[in-house]
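Going by the order they are written in, the chains are A, B, C and D; count residues from 1 in each one.
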Amino acid sequence: MIKRSFASDNNAGVHPEVIEAIRAANEGHVIAYGDDPFTERAVKLFKKHFGPDVAVYFVFGGTGANVLGLKAITKSHQAIICAETAHVNVDECGAPENFTGCKLLTVATPDGKLRVEQIKPLLHGIGVEHHVQPAVIAISQATEMGTVYTKDELKTLADFAHDHGMLLHVDGARLSNAAVSLNAVLKEITADVGVDVLSFGGTKNGMMYGEAVVFFDPKLAADFKYIRKQGMQLSSKMRFIAAQFEAMLSGNLWRRGPAHANRMAQLLASELAQLPQIKITQPVESNGVFAVIPSEHIPALQQKYFFYVWNEEISEVRLMASFDTTEKDIRDFVAFVRETVK
Amino acid sequence: MIKRSFASDNNAGVHPEVIEAIRAANEGHVIAYGDDPFTERAVKLFKKHFGPDVAVYFVFGGTGANVLGLKAITKSHQAIICAETAHVNVDECGAPENFTGCKLLTVATPDGKLRVEQIKPLLHGIGVEHHVQPAVIAISQATEMGTVYTKDELKTLADFAHDHGMLLHVDGARLSNAAVSLNAVLKEITADVGVDVLSFGGTKNGMMYGEAVVFFDPKLAADFKYIRKQGMQLSSKMRFIAAQFEAMLSGNLWRRGPAHANRMAQLLASELAQLPQIKITQPVESNGVFAVIPSEHIPALQQKYFFYVWNEEISEVRLMASFDTTEKDIRDFVAFVRETVK
Amino acid sequence: MIKRSFASDNNAGVHPEVIEAIRAANEGHVIAYGDDPFTERAVKLFKKHFGPDVAVYFVFGGTGANVLGLKAITKSHQAIICAETAHVNVDECGAPENFTGCKLLTVATPDGKLRVEQIKPLLHGIGVEHHVQPAVIAISQATEMGTVYTKDELKTLADFAHDHGMLLHVDGARLSNAAVSLNAVLKEITADVGVDVLSFGGTKNGMMYGEAVVFFDPKLAADFKYIRKQGMQLSSKMRFIAAQFEAMLSGNLWRRGPAHANRMAQLLASELAQLPQIKITQPVESNGVFAVIPSEHIPALQQKYFFYVWNEEISEVRLMASFDTTEKDIRDFVAFVRETVK
Amino acid sequence: MIKRSFASDNNAGVHPEVIEAIRAANEGHVIAYGDDPFTERAVKLFKKHFGPDVAVYFVFGGTGANVLGLKAITKSHQAIICAETAHVNVDECGAPENFTGCKLLTVATPDGKLRVEQIKPLLHGIGVEHHVQPAVIAISQATEMGTVYTKDELKTLADFAHDHGMLLHVDGARLSNAAVSLNAVLKEITADVGVDVLSFGGTKNGMMYGEAVVFFDPKLAADFKYIRKQGMQLSSKMRFIAAQFEAMLSGNLWRRGPAHANRMAQLLASELAQLPQIKITQPVESNGVFAVIPSEHIPALQQKYFFYVWNEEISEVRLMASFDTTEKDIRDFVAFVRETVK
């Protein structure tokens, strides 16, 4: 396998500044489980970026962040509304159902974005004990299709949720990519538009491991420390997650990586679009490119470059850029594609 | 707080050789989720240490390792027999019950070690649908009380378990400390005595994060990759857990740290034993020292040194040594204790 | 409210012969929980009707029967494929997900019947740990839309399931209605076509309470007695469920009621079809009639007759006949409809 | 087997007045799932007996009543404190753990009664995320050992629970026996002493099936209709449970049966106590008698009379009287015992 593929942003390694922060945190003893100065500083940075009232908890991974955040705001007879393509629906091996006990109610949506009109039909049955009771709208920002909700779209969803006694949960594994795409700071696309609970991604943005669950109303987090422990997501040497987030959020590293990755995705899409055999299928709004490539050429491409076929039926592939993707990586890949499909 | 306390081996940082291994693994892209050369090499090392037929899976943390290993070998109407002091019983916020659906049947045992005679009374009710059905004996090696099962004791428990249709699970967060204590290699106190499933600890032994679930009969692991993902313990950038285990197991680092920690615990116990006001309460067989200290002095000691009161009723404290505890740390601490309690 | 409505077959009372069987069983003491002669006789009758090798367990209700039967043949990382309209999907308040831990994968199907072509797309992802693994195809016979799978359709589904390592589960709350409709005995549409697990309905067919879970391969039932107890479905005074099933299955009562109910549904549909304002929307193959009635007339009808609007968007209602529906009930109702909608 | 044994009060049949109530309820159609006049009347009777503000829900069985009531007042990281002998601990196949996700913290108590001093040691660890958080004290009244809490004892437990942020749950499968024993009405030993949630038993008191979950603060029942449905305990033909409770509570049938059963237990104990080979081991305060019978005679006794050995180690048996036990039953049994053990 070559050094850098387009399979996923989690195939990349760790940003050098993050590695350095880890090394620097490795000094002496500190109390385990988060009662340490690293965690205290990292939490302060979250409050700076997301608002002074947020409650923040670090967990090991992205599935853990999503599932535990959802557990905190649901009871087992309730339902979580999400897109059919949502990570919580297709990529977490049923962990949301298993750990929350809830049903996921899914909506088919070609661009990965939920809209109020699609949600309304799921709400009849309210108050009827035979049916699960929708309690959460769960979206991904950026979506699994590389698209990005605008601030207005987010606010519309949040308002609708709140008007109907529901909460808005955001899987922000790639929230930073979305913020860059919208030219926004993190608070503008979360607290300011009415998001209730957020999984804030670290790993896909250049960390080694570690995600954050952010509650915009701390009352929602009343039991979360127990949920995190029971959910097997409490790290003993917490300082090493905290130090990574500190590296991310103390300067502008949180947006430098995604800004670069988004630009690389744009470049990749525009180059591929020039090949008549290839069709870009989604607007490129973050760091993912979706493209139909004639299926007969895919095996040859995959021998040299690792990437995923997203939709076999239409021979659509997903190509992800990451913080360390270079222009040369892209030009080499596109040249190879051009050669292969011609 | 001072640099090095005696609160827990997980208050220590990361061994320098482990940090170096992480840094070295941070090169280019590799496939996520464990399909990478780092993981392949680490798994080979596990097979070398534990036997060629083991199935090995890396997870984020110790609670995850225990709970998922137990889930793999139980059904929800079954029961897990363990000591009252077991980590799975008291320190995992009910995660075993919540994730496996099983009941824990506990046995009071002053030294943390289970014995067959204590288990027998829990087995009436076999075949009766009103009662949970014991399926696993779960022990900790070393125990939470710092004691260590001998090879014979382990074999007796394993044989008893197998004779009664049960399996033997070992929480080995400190297995390396036990191996050093018994002057044994890892296989001798696991595969060779009949252990079925093992949580092999990394974090308390100088890693940053990461534990391993080891199945000595790979058929028991048939579903484990799904259980790990659904259990929110599948790391995307798996190479960084694998690289740490490689650092541990490729040379003798896995036993260097514990050997030192065990020696430091011995030193600490022998020094404290010379103070007439203090009583050592458990045999010091691994890296923990349990001691009764007059309760009126504990606040003063805790102001300078962080450690846990284990049993308030008898004013018993737990003092843990770790890979980086120095003789000076111990002499300073003992001097301070002597001064305080006199 | 009038004496007999068309809301559901479970709005009816208990068949007089069933009440008499209950009364007759109320003699002296018998061992609780099913170790009694009534249960023994009832189980023998199930073996006579479904085959000598079936394992049969009685439970309190239909949701319990479905959920526990599914629990017996799934692990929590697996998935259950069913129609969007399935009782397990929409009418059990998420009990299947909550108790099995599994995800339900649903298929939109206008007539309530699953077809192999609809199931195939749900099978990619087999062996990939990020995705739930389909293990069961769950159908309803008769379906929630009143339609009935033919023997060939059942065999095709069972063969497909088995060819893909899955099992076929049948929610037979109205299996007797389906058997009558197909002019078949019970074995012909279950054991003979490859059904693996069946919920055999009693309540909707004139019993007071009580359903049966039937395993056509008794090995699948190995743990079921524990699952039933843990699933809160083990009746202490079991003889009273058994006696009801004995009344049903010792003569032809099991098919007398459904045969009548099916005929009444036919009559109701044919009479309603003569009203030009009303459109029958599903083939009437069991005891349910689905019809579009102009929405402005529905409130007036519901004031006198209790029934459910099935699909508000198209003003479709569901009308169910039961064992005690009379021709006069139908003629009175149709007359009232005619009067109301004209 | 002879007509009436001493195995359990659920080996009895159904009281004739209850059978008659069932028969009378079998008239025409009523709406399913509890929206019917029978349920309305029965609920009114509960309010009359337990206080005007109670919320009452009928379920199929006793395990369901206990588990669902506990689910309504717990979160999965919490703990339920109970006696080691409690039905929820030993006789429900782990259903409480499985369905609530909670841990049960048990207390050894020879007479089946919990005392505040035994509970206090379970409360350290409050606020510490590694440990489950006690939220409920769950007692049985009468206990599984046939003893009965006095009003003062109940109030002490309730006050202690409330002072520590916990609730008091009562498994009242035999609450009526306790009320008779205490010469109290039902409200005096529940609402008036601070009970929060009650399982009120029907089956062991002469009903066919059906128990009630009673919430003394209706706010605790806010989600219960969903919990009941998801917990597979919602009966469709609810009127038949309601009619049985109406028969019980409209006159004095609820106490006639237990009063008789308690008297029969007294008679049985006093007669057995005259045999020098037999030792009564518990105060006989309700309808159970515990006695040590020389183990060599038990097989001979069990050949003619079905009853359970409670504690094999000391050869202690449990003998239960029920509403239909006669003086002759007892004299015949005691004569047979006398003959056998002499």
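In this text, contacts are C-beta pairs under 8 Å (C-beta built on N, C-alpha and C of every residue); 3 or more make two chains touch, one makes a residue touch a chain.
Source: prediction; values computed, not measured.
Asks: Quickly list, by label, the chains bordering both chain B and chain C.
Replies: Both-contact set = A, D.
Asks: Centre-to-centre on C-alpha atoms, which chain is most distant from chain A?
Replies: Following the centroid criterion, the farthest chain would be D.
Asks: Which pair wins on C-beta contacts, B-D or A-D?
Replies: Spelling it out, more C-beta pairs touch across B-D than across the other pair.
Asks: Where the CA atoms of chain A average out and where those of chain B average out, how many Å apart are those spots?
Replies: The computed centroid separation for chain A versus chain B comes out at 33 Å.
Asks: When the C-alpha atoms of chain B and chain D are each averaged to a single point, how far apart are the two points in Å?
Replies: 42
Asks: Whole-Å distance, chain A centre to chain D centre, using C-alpha means?
Replies: Each chain's C-alpha centroid was found; their separation is 50 Å.
Asks: At least two other chains touched by the same residue of chain B: list those residues.
Replies: 76-77, 92-94, 98, 129-130, 226, 229-230, 234
Asks: Could you list, by residue number, the parts of chain D that touch chain B in their complex?
Replies: 76-79, 90-94, 97-98, 101-104, 121, 124, 129-132, 312-313
Asks: Can you list the residues on chain A that touch chain D in the complex?
Replies: On the chain A side, the touching residues are 33, 75-77, 129-130, 133, 223, 225-230, 234.
Asks: For chain D, which residues count as touching chain C in their complex?
Replies: Residues 1-5, 7-8, 10-14, 16, 19, 22-23, 25-32, 60-64, 67-68, 92-95, 98-99, 203-204, 208-209, 226, 229-237, 239-240, 306, 322.
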